[in-house]
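The first chain written gets the first letter, and so on, giving A, B, C and D; residue counts start at 1 in each chain.
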């Protein structure tokens, strides 16, 4: 199958199981992982991608993703560094796919896109929408498996 | 000078001067406060709380939620003291006569025993408040000479009044003179110490109530 | 009273005199018992007193009257037990008293001098009236100024009893502005024991009681700081007043003829000085124990207190200011306002200067200049 | 005296007005304000007593504006305010006061201590005694346009992201729109969900709104640092844009002090009443809800509680609105103890969160919020201030609490009935 826009993307995600959403969400996060230097995020994403994850592992991964997210928040009034803010959104993406939300994969995708947006703000180069296309591809491939 | 002469002086010249300083000082202090003026608030107020300033003058006497439990000594002793003092000042027959002679107004008096009890309560409350002031780290830090002075000159009229009524320490005429002198000391110091809150509390509460009221948090 | 007796300046014992006049021992004991009660002595003292007085020689008494109104003398003649009053006069030998003695002119003065000579160091001096220290001519007797007569007569006295508020504290003659420069006995005489029996006038039995005490013990009774016998002046009228309960309940007469006044409520608001007046009126009462001023519907005016006449208006409650008025306070407020306007003007110029000196804060200027 | 100290003292003299004179006259040193203050309550250190934080200002009042004080000053009996003293007071005035206003509501004599702290900061900032971080934020707000250094292109990037996500166009610079929507830097940086939620809700409600490239930032560091000259410059951007676009109402975002800055201080800073209304987003949402324009479906099953941001509730009067809105979407809404106007501050208001020096203290005083949340037993916390949100996220993480924090607008958008 091919996905060309967000409504198809959303519909496809909705068909996935909880675990499937987590795994694909983690792939979305992984796609922007280069923007994040936090080892905890990398580990959380790696855990989330696995199919054979236990409840304990899930909880531990959620915890470390959460920590990474909070640690990377830019506090009110502090000067924003968009590069590190991009890293924060990667952590948010990782956190989103591990959380028990209604649409974890969608949330992870949005955060991953924000990471790209942040990167584009930091560099001043417009690459934002490219991430959406990357995500359509990732999802399509995941669904093939 | 014998005791009756002392009493006559206390009721005469001393009282006149004390009252003059008290009245002039109070008026002066109000000028000092209101003379500084304030800018009109140009922000459109919320309309759901008219009269909040006036209401706050009274409602701020009620402890906000949770505060009574947090600081019971200050609240309870504070209430007892203020109420006791209020009853003693305004509802003891001889005192009403004093106000009548100056303002022409008079009202009902309470039986002496009741006034006596409220004075004892007020004195006890003052003692508790002093102990609290010395023991509570916040109060101790905030307190200076002015606070202990204000405490003393507030206690003295209560104490001398009680002692005069019960013929303690000195004979009545002398004690009554001392009572009046202590009131005069209080009158002279009131406008120029924190005791001025007797009046300014209503101004402060009005502003507070008005500020909050404009924002829709009326009391 | 009895000119013959009064001329006799070497009296016998009291017991002799009593028997002479047909007074029984029982009657005399009764008198002594009453006296011990009044002087707050134990009842057992009645017998001792009777013994002492009977054996005592009749006391020579000289009574000097200066700036006075004769009210004190009027008072002492109206004791509530006339027979006992007579008794009193039988106990003593009243050798000189303007109003009561029959003699006049040189003879009268001679009687005084004679008594002073015969009983030197032993006679009792009673004084009523104040002594003018201004012009000597304000008050003199037989060409002798009151001051000179007092000083001269006091010299040989065993003790002095000052009766009435004039003699004790200067009284009404001393009232502001004190035109005669009136002073009390104690202001002049410093080397004799003085018993003050103030009151305007004093209660008759209080006067006789003091004399009895002196006769019994040959000494003066226990006195308070103002020289008054504690037995009679130890408590205030207010504390012993039968209307006191009304005061405590807050029940007061507002005028002299209102319902409350008729009900006998407290007269405090009508200016009663009972709370600061030390006297025995409320217990001893006047006119054969009939009543006392408060019982008659008028507040105590504090006549037994020094300078009572100048202690504020008679009909203003004690808790009222003596002279403060609303208009005085109005003037004070005006003065405060005037000062307030000046201070406000000054404060506003301080604030205006601060405004004028305000340099717009820019982000560069958020940094502090180092000294 | 250094020139900066002179400027500071001059500012003190300038700001002292009738209410302040009345407040200082009324204080009886009862210490109850300390009991109302989270900084005192959680540390037990009496120096955090609110009225004590104003001591230098009080002395200037006494020495300059009272007869006795002036006499005392002339006779050399009173201690003048020095630079050293202001240095000592700086952490008290900035690090340990979030201007939450709780003391002002508790003071038995009615002293609005927060009002005085705000005024005192004028002199503190003028004399160079503001925390470095806050100076930096203010500098960025003036020079770049946002305390966090955000420029319009960053907002544009977010707009693009939101448009892609929601498939709704975000109106920009639309003349004659009813509402001018502002955002806080926090929402631009950390919470893109806000703009996305607004877009969806306003689309459904048929609201005409716009963003303005020259006035997207709602926050005002000038207010926090206490420099009215700078605060005026910042707020004037919004006024200019609102007047240019002829909007009827400016919407303050989920940010506490921004609401205070625009709604209450704005007209006074500009010296004229506004020709447009200023409302907090929750007020607007509540109005839409009342008008039947905000329809939701379903309810959140998680037990929820709501944290009243100080400037929105106690200092802003928006208390009932969030409760009514939550009533629509929350199945199990639980109030915290002291909720509403007596709520405890998150600890990061009034510029405290922007001040890294204050961080250990801020985390220390978060204990009160921890207790409040724990007593409700919930794991989801709703609020309406992005600053509170991040401060609480940090605090929750610090105390290892598994509680999720959400913005109320964002929560509402989750249950929005769309496309009907």
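Keep in mind that, in the parts below, a contact is a pair of C-beta atoms (placed from the backbone, for glycine too) under 8 Å apart; a residue touches a chain by one contact, two chains touch by 3 or more.
Source: prediction; values computed, not measured.
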More contacts between chains, A-D or B-C: B-C
Chain ID, smallest distance between chain and overall C-alpha centroids: B
Euclidean distance of C-alpha centroids - chain B vs chain C, Å: 39
Inter-centroid spacing, chain B versus chain A (mean Cα positions, whole Å): 66
Inter-centroid spacing, chain D versus chain A (mean Cα positions, whole Å): 31
Averaged-CA centre spacing for the pair chain D and chain B, given as whole angstrom: 37
Interface hub residues of chain D, defined as touching at least two other chains: 16, 65, 67
Where chain B touches two or more other chains, by residue: 28, 32, 35-37
Junction residues of chain A - those touching two or more other chains: none
Chain contact graph, described as a line, ring, star, complete graph or other shape: other
Touch relationships between chains, expressed as pairs: A-D, B-C, B-D, C-D
Interface residues, chain C side, partner chain B - complex: 169, 226, 236, 239, 247-250, 252, 268-269, 275-276, 278, 302, 305-308, 310-312, 316-326, 328-329, 331-333, 335-337, 339-341, 343-344, 347-348, 351
In the complex with chain C, residue positions of chain B that touch it: 2-5, 7-8, 11-13, 15-16, 19-28, 30-32, 35-37, 93-95, 97-98, 100-104, 108-113, 167, 171-173, 176
Parts of chain D lying in touch with chain C, wherever the complex brings them together: 2-4, 7, 10-11, 13-14, 16, 64-65, 67, 83, 125-130, 135, 138-139, 142-143, 225, 227-230
Chain D residues touching chain A - in the complex, by the definition given at the top: 133-134, 136-137, 140, 147-150, 153-154, 157-158, 160-161, 164-165, 167, 184-186, 189-190, 192, 219, 221, 224, 348, 351, 353-356, 386-387, 390-391, 393-394, 396-397, 404
Chain B - residues contacting chain D, complex: 28-29, 32-39, 41-44, 46, 56-57, 60-61, 63-67, 70-71, 74, 78, 136-143, 147, 150, 192, 194, 196-197, 200-201, 203-209, 211-212, 214-217
